[in-house]
Amino acid sequence: MSKRQAIIPKGWEIYEHLTFAPAVRKGNMLFVSGNDATEIDAETGKLVIKGDIVQQYRTIYEKLKVVLDTVGATFDDVVWTCDYIRSKEGYKGTVAVRREYFGNSFPASTGIVVKELLSRDALVEMDAIAILDK
Amino acid sequence: MSKRQAIIPKGWEIYEHLTFAPAVRKGNMLFVSGNDATEIDAETGKLVIKGDIVQQYRTIYEKLKVVLDTVGATFDDVVWTCDYIRSKEGYKGTVAVRREYFGNSFPASTGIVVKELLSRDALVEMDAIAILDK
Amino acid sequence: MSKRQAIIPKGWEIYEHLTFAPAVRKGNMLFVSGNDATEIDAETGKLVIKGDIVQQYRTIYEKLKVVLDTVGATFDDVVWTCDYIRSKEGYKGTVAVRREYFGNSFPASTGIVVKELLSRDALVEMDAIAILDK
């Protein structure tokens, strides 16, 4: 069994100062940390969260895609996701995002409404588990 | 490694219209989605959630049994469960249900009180992970 | 594949009366139950939770260390943790505890603010997954 390997995509070097990895691989298991829609603003260089819950959800999926790409995996390898939302308001709209990224075949998933998320502006956060083919 | 396989028990075809599978198998890992006590009412054909938290918990375990049966697994293969409840009221009563289904040997488990569950009438929801023998 | 094995560290016999194991091993996967800072008071023999969120967090990591020791694993084998907190107050202070136990290489992690935890005095609870080398 290989050692635990922190997966830090190119451009995500901010994680080198944090106490969790964006994702971790050991053997063929990939664990992806709870991920909100935080992005680096192209103009100001600051970390920001933009958009309503559906836009944030799409950003999270784009970020998950970057993580999967980094290890040579795809959305077909994702076996589990958990959505953490602050309110059900607008959540139904995220179904379209799931179809867009997963197509017609889906992972197992749970969704819960939490009291708060760690990032003040986050309306949704998601973690995931993937099992890689190789 | 085999591909991700959606596990949809007989009679659960409603899931073909949803964006998550009731459970997913890849290799010998089985991930079971957050499951509440929603059932099809035999008389009206509508989806309903009946009962107090203990009755709902038992329904969830019956539904988990159906999922496990579908892949030829048993409660002995379950390694992890997480209970999501809306209030601690009546939760102690679910211990009897756990003994009923798990016997004397139990999985690892977490239980948390969430702000809300996605189904309005759900008092409890549970997800699970199993590792299959074959 | 070996059977599911409940991991009950020496001195944790109280778990023999509960309906979940502190941790469960199957194959090389280790699932660690949601763990708060409950300890046996050396003077009174009663179960107590002491301290602020950072002290509770350290106690949880000490308890996780005991679980890992029991199966011959280390913090390097932990691939996933989830922190459940009741409030963000003081949570930043737990970063130092993570550095203390994980060093410079971290697992994937999620942290969420829940409505309540099952133990009245708990400010934080954590579960974890480890993948063992042997």
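Letters A, B and C name the chains as they come in the text, with residue numbers starting at 1 for each one.
The rule is short, and it goes like this: contacts are C-beta pairs under 8 Å (C-beta built on N, C-alpha and C of every residue); 3 or more make two chains touch, one makes a residue touch a chain.
All of these numbers come straight from a predicted model, not from anything done at the bench.
In this structure chain A contacts its sequence twin chain C using mostly different residue numbers, the overlap staying below half. Rotation angle for the C-alpha superposition of chain B on chain C: 120 degrees, rounded in steps of 5. Remark: chain A and chain C have CA centroids separated by 24 Å (rounded to whole angstrom). Annotation for chain C: residues 82, 114-115 touch two or more other chains.
If you check the complex, the residues on chain C that touch chain B are 1, 3-4, 6, 18-24, 26-27, 29, 31-34, 82, 84, 114-118, 125, 127. Interface residues of chain C facing chain A in the complex, by the touch rule stated above, are 28, 76-82, 86, 88, 91, 95, 98-99, 102, 105-115, 129, 131-134.
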